[in-house]
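Two complexes, one shared chain (chain A), two partners (chain B, chain C).
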Partner chain A sequence: MKAMKILRYATMLVFVLASIRVITGASDLTSTGTASAALLLSVPIVLAALGGLFSERAGVVNIGLEGMMIMGAWAGGYIGSQHGPWFGLMAAMIFGSVGALVHAIATVTFGVDHVVSGVAINIIAAGLVRYLSTLMYKNGSWPGPSQSPGIETIPLNGLPVLSGGQYFGWKSPDLLGSIANLNWFFVSDIASILRGLTGDVSYVTVVAISFVPLAYFILWRTAFGLRLRSAGEAPVAAESLGVNVYAMKYAGVLISGGLAGLGGGFLAIVAASNYQENQVAGRGYIGLAALLFGNYRPGGLLAGAGLFGFADALQLRDSAAIHALLLLIVVILAFVAFRKFKSGKQIGGLLALTAAGFTLWFYFAVDELPGQLVTMTPYIATLLVMALASQRLRMPAADGMPYRRGGLR
Partner chain B sequence: MSVAVELRHITKRFPGVIANKDVSIKVETGTVHALVGENGAGKSTVMKILYGMQRPDSGEILVNGANVNFKNPNDAIAAGIGMVHQHFMLADNFTVLENIILGSEPKHGATIDFVAARKKVVEMAAQYGLDIDPDVLVEELGVGQRQRVEILKVLFRGAKILIFDEPTAVLVPQEVDDLFKALEGLRAQGMAVIFISHKLDEVLRVADEVTVVRQGSTVAEVKSKDVTARQLAELMVGSELPKPSTLGHTRREEITLTLRDVSIATATGSRNLISNISFDLHAGEVVGIAGVEGNGQAELVEAIMGLREYTGSIEFHGSSIDELSVAERHDLGIGLIPEDRQRQALMMSSPLWENRILGHQRGKPVMRGFVIDKKATIESTRTIMQEFDVRAPGPDTLAAALSGGNQQKFIVGREMSKVPALLVASHPTRGVDVGAQGAIWDVLRKAREKGMAVVLISADLEELIGMSDRLLVMLRGAITAELDPTKTTPEQLGSAMTGAV
Partner chain C sequence: MSNSLTRKLSPSKIGLAVAAPLAAAVFSIIISSLAVIASKKSPMEAFTTMWDYGTEAGSLMEVINTATPYYIAAIAIAVTFRAGLFNIGVEGQLRLGALFSCYIGAMFVLPPVLHVAVVFIIAMTFGGLWAAIAAYLKVKRGVNEVISTIMLNALAGGLSAYLLSKHFALVEEGSNNLQTKELPASAQVPDLMPLLRKFGVEDQPGGGVYGMFFVAVALGLIFWFVVNRTRFGFELRASGLNPIAARVSGVNSKKMTFLALVISGAIAGLAGLPEVLGQTHSYNLGFRAGIGFSAIAVALLGRNSAGGMAFSALLFGFLEVSSRSLELIDIAPETYVIMQGSILLSAVIAYEVVRRFKLTLQSNELAKVVQP
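Here is the complex of A and B:
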């Protein structure tokens, strides 16, 4: 039922995008390249958000995701350039977990405020990797104080038959790719998006995306997950049933650090080919926003990360397409207005309708958006969607609250 | 008969408070053993020690004759001890099933075997008459149903020694009967049941033996057939039991509160949580709202206080207050004693003087202009503590350090300090010991004589009948009966509440 609903909305969205593409001629809206780039840009955010999911479900707010990603990215660059990409990714996870361990000791064992500890980790991580990078440069093993040597790439592949790729020397046909090239309205749009999502994909991406259902399985289908979530919902009740709340919180935060570190490693090893300073650039925070947008659920955070990735990919590839995106906002606002009027909320509907009219006027009034605005698109999109969607959020009941064993009478 | 549990000379101190001092209890298998005492006497602390949630400073615990040292509830559970908590230990955002299996999940490979768990829970629920839907979220349940979840949790773990911490405080007589039947069954199967209560008639009905706790120490252990309620009460407080009663009519001509067709729909609008509630309340009158928990009483309170949107009209002293905010209603002289003191009335980790400010933050004596007048607030807090006998070291004590009864007395005192014209009292004496109960009743009685109108909501039927001038029965959100308390017995009221007239 739910899956059908999601599928229906996704199809509607693609249809609207395809229509806008035809109207405006912004071909990158639904191109294979955009979809592929969006996926690549989404993965680190997905990993960060999954990290946040484990931590916050266990009741520990994790602003430190950013710092853990930074540590992961550096370790990925350092180990990856010496021992190959796979060891690099493993080192990224371990380094992220080290950052998480500090966070866990501070918040769980010593009861430090979660936000204070998280911010401290972000600041320390940035300083620490800068220091280590400088050391590497001084001893001559790195080309510069802000970047590591190149890292060997991990091969790409696609779905057999559907989207090309190599299988044991056999070159698979690229069915979706050929449909995409036919230029049929809507059909080719769907094909090219699917081709972008399934073709020329790094193995790491496949693994990372598979973590989403895996996280759902662990958190909602296993005893460990139930106990971990109970530590974030009602720790005193959990303790009264013999759940080791401290252990659950430690586990949640450590898994969180591992995933965030992997996200950082992905940036250095898969998305780029070496470590560069400021590579993470706020993706830890965006991951947290995606988690909130997704209402602390794996499927939701995937949607949030996808949205950001799409907006980011579009602004990188084709700034004219961002202009066309204004029409999408018009359509969405009109849809919201329709829903509001239908449920009898006149004021809300009127507001949405006004905003839609204004956006439409803006679309016709300017031919090209200023460059600064284009670069800001992913952030603006995140902000807008958060503002619209955050009204029914349900965070874990005891998230961010200090917990002491036996402390509550 | 063998001894299931024995506590010897247990002592436990908290900062500033001695919770237990030389407590000794002996519970035999196949019996129901009651632990009675005022709130704040230390009953709950004893049981938390027995359940491994807290460690005693000195003394020893024996289970089935063997000396044990519980580090955490896991150890207690492993020794076959289960606890039905007074303040429910449930995760609101989990389903009933998840709450029950948490900590001892049946597994199927790597995953939880939800099928087997559901089957077992449904079977147990049927066996003990604890009817419940395992798949709804706990936040959607009423208090009575939450207690069933708590009991099922304990039974699911196969406990042989069951601790019930004031289980009847929230139940109507019929439910109490069901609970006591379940207890009989447990006793017959050779389990040891520890029953904590301060309702002495219930204790005498269900218990074989009674241990009395006063001011942190055990003062007597008696067989229930050898004592009367009066004797137990004297052991408990050293004086006679106060009775809920109002003498004579103090009802005046003027109408304080008028409700006309007040309704609240659910969020989806599919049905009404309360529908077409209408009544008049005169000054100097107490109207008692009877009903099983979750039949619209909470929503009625929210409507009167303006906490929730409603249709229909509410008038206060003859003028409509429908458009007024909560603050404005408060300022007009409508006071509230909320049903859940810890969640709705107190900041648990703040000192009492800060709690004194809650709800009174717009005027004297706590404010001087825009600034909090700390000195005057502390002074006024001290006055409330003296007048209402709130037992705590001082205004700087954290609210969490007070026993439930003292918290409640403080809340009543805070509300009465402003002399409201209308008091909405939601379970004003729930979980409160006899001494504090009598004190709260006294306050309500005196204010009623001076012309205060009271909407009294309670699960304690004796209190409802004794304190009210008029009884309204709520069932499924509507008023289904109006009764004269002088001609109503608790049993009759109980039947009216369940709709089985």
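Here is the complex of A and C:
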């Protein structure tokens, strides 16, 4: 039932986007390139959010995801440029886990406030990688201390039959690609989005996305997952049943760091071709927002990460598309106004209607949004989504609370 | 009973108070020594070089200038900490405060002191307004203020870049540096050098102390007084320590949340001003980034107390300035980041360990009293 509902919403969204594409001519809204870029940009956020999932389900708030991603990105760049991309990814996971170990020692063993420790780790990680960069890339190495040398790329491939690609010398047909080229309204839009999601995909992307159902399986279908979640819901009760709560929390935080580190490594190795300073740019935080948006569930966080990835991809590829997206906001606001009027909230309805009118006016008044404002899109999307989603959240009952064995304080 | 137990001053209690900072210092010295050894140099040489350079009169002035914005921003963060909140958005708030106060402040000329006061009010207004977005989202929509202020930081960065380049900057021939119109002399805060000369301090090359230093000191005193000696401060701390108990005893916790965030943003708006009003006299592309993040560390290290934060702001400033000398003996100056980070982390842990140890001691003492 739930899957059907999600499918229905997704179809509706594509339909609206396709309509806006036709009206405004912003063809990048549903193009293959946008979908593929959105997928690529979603993966680090998915990994960070999955990291957050393991940590918060074990009851440890992990603002330090950002710092762990930064450490992962640096290690991915350094090891990746020396020993190849696969070792780079492994190093990224290990470095992320090292950051997580510090977080676990501080919060689980010593009971430091989780947010304080996480923010401290973010500050330290940013400083540490800057120090390491100057140390390692000091002696005249090109192109300077703010980035690593280039990293070998990991090959891309497509889904056989549907999206092209090479399989053992056999060149697969590209069915979706040819449908997308027909330019039929809505049908071609769906095809080109699917083509973008399934064609020219890195192996790492496939692995990373498969972590989502895997995380669901581990957390909700295994004894380990039950114990881990019990540490986040009711640690004292879990302890009375013989669960080693400390071990569960450590496990959750360490897995969290590994995933976040991998997300950082992905940024350096797959999404780009070397490590650059400030590459992570708040994606750890956005991952956390995606997790909250997804109500601490794997499927939900995937949807949240997809949304942010889409916003990010659009702002990178085509600022005209962001301008066209203003129409989407008009549609949503009009819908909200309709709902408010229907439930008898006249003032709220009027406010939403005014906002819709203002956005519509803005759409016609401005031809193109300036670049500095376009880059703000993912952050605005995060804020808006948080504002709409925060009230129906149900976080793990003991999330963020310090816990000490034996009821000590 | 508990009062007599906790208030009694004994050697063990003094020892405990010193234990945490001492342990943190030892730990961070070990870590930073390792960092220096990693670049194949002697830690002792590095520390003595830093100390010698950092204690020169010119360096000390720079230390104060570096610490001043840290201190103001740390106070802003501490206001929210005391209310059980966490304003990570200081970076964005101070940026917008500085940008708007420079842009609007340069539009008119007023009598000297009044003009500076107006500039302060503009900076506080915009810092406060920016924080009010997070406050509104927190109170009305239940959005976690940590996430929203982080997003608002990114938005403030984009917004200020846009406003500066498209609307606020003067177009100058042959110059790539975008900057707002220079503030008139009446809006500039004079340097403290003339005052210091009267006390026998000699001029230093490139030296001088921002006049905003006094503003920072005053803010520290006000912060201490309001938080510890007024009803507002009590309600602020109460809603931070135990929101439910505070609500039951009649504290409007939503109002306190809103006020704490907005006041914090207003104070943060001032933190960008020392350099702008004291040196550059306009907002430009080179506006110092990262004050808001370092200030988080300063607030955590200083335990959100006026005195503690003053100490840690000066410490961070000292490390930053004195580490420049490391380049002379071929060590990466970035080593100071390791020092700051290790101090912060070990201090945060050490405070918690000592708190737990104190609790154990207290309950032991209590047990002795109850069962002789």
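Heads up, the rule we're going with is that the second predicted complex is superposed on the first by the 389 of 409 C-alpha atoms of A that agree within 3 Å, B and C clash if a C-alpha of one lies under 4 Å from a C-alpha of the other, contacts with A are read in each partner's own complex, and residues count from 1 in each chain.
The rule we apply is simple: contacts are C-beta pairs under 8 Å (C-beta built on N, C-alpha and C of every residue); 3 or more make two chains touch, one makes a residue touch a chain.
Because the structure is a prediction, the values reported are computed rather than measured.
In the overlay, answer first, second, both or neither for which of chain B and chain C A:A238 touches.
Only chain B is touched by A:A238; chain C is not.
Contacts for A:F54 in the overlay, against chain B (first) and chain C (second): which applies, first, second, both or neither?
Neither chain B nor chain C is touched by A:F54.
Look at A:R227 in the shared chain and tell me whether it touches chain B only, chain C only, both, or neither; answer first, second, both or neither.
Once the two structures are laid over each other on A, A:R227 reaches chain B alone.
Which holds for A:R394: it touches chain B only (first), chain C only (second), both, or neither?
Touch status of A:R394: first partner only.
Of the partners chain B and chain C, which touch A:W74 in the superposed model: first, second, both, neither?
Touch status of A:W74: no partner.
I want to verify the contact counts: of chain B and chain C, which reaches more residues of chain A?
Chain A has more residues touched by C than by the other partner.
Figure out whether A:F95 sits in contact with chain B (first) or chain C (second), or with both, or with neither.
The answer is neither, since A:F95 touches no partner chain.
Find the residues of chain A that appear in the contact set with chain B and again in the contact set with chain C.
Residues 408-409 of chain A touch both chain B and chain C.
Would you tell me which residues of chain B are touching chain A in their complex?
Answer in residue numbers: 14, 44-45, 48, 51, 53-55, 72-74, 77, 83, 85, 89-94, 98-99, 101-105, 107, 110-112, 153, 400.
Could you please specify the touching residues of chain A with respect to chain B in the complex?
Interface residues on the chain A side: 217, 221-223, 226-227, 229-230, 233-234, 236-244, 394, 396-397, 405-406, 408-409.
Of all residues in chain A, which touch chain C in the complex?
Where chain A meets chain C, its residues are 63, 102, 105-106, 110-112, 115-117, 119-121, 123-124, 126-128, 130-131, 134-135, 138, 281-282, 285, 288-289, 292, 370, 372-373, 375-376, 379-380, 382-383, 386-388, 390-391, 393, 408-409.
In the complex, go through chain C and note every residue touching chain A.
35, 38-39, 86, 88, 137, 141-144, 146-148, 150-152, 154-155, 158-159, 161-162, 165-166, 293-294, 296-297, 300, 332, 334-335, 337-338, 340-342, 344-345, 348-349, 352-353, 356, 359
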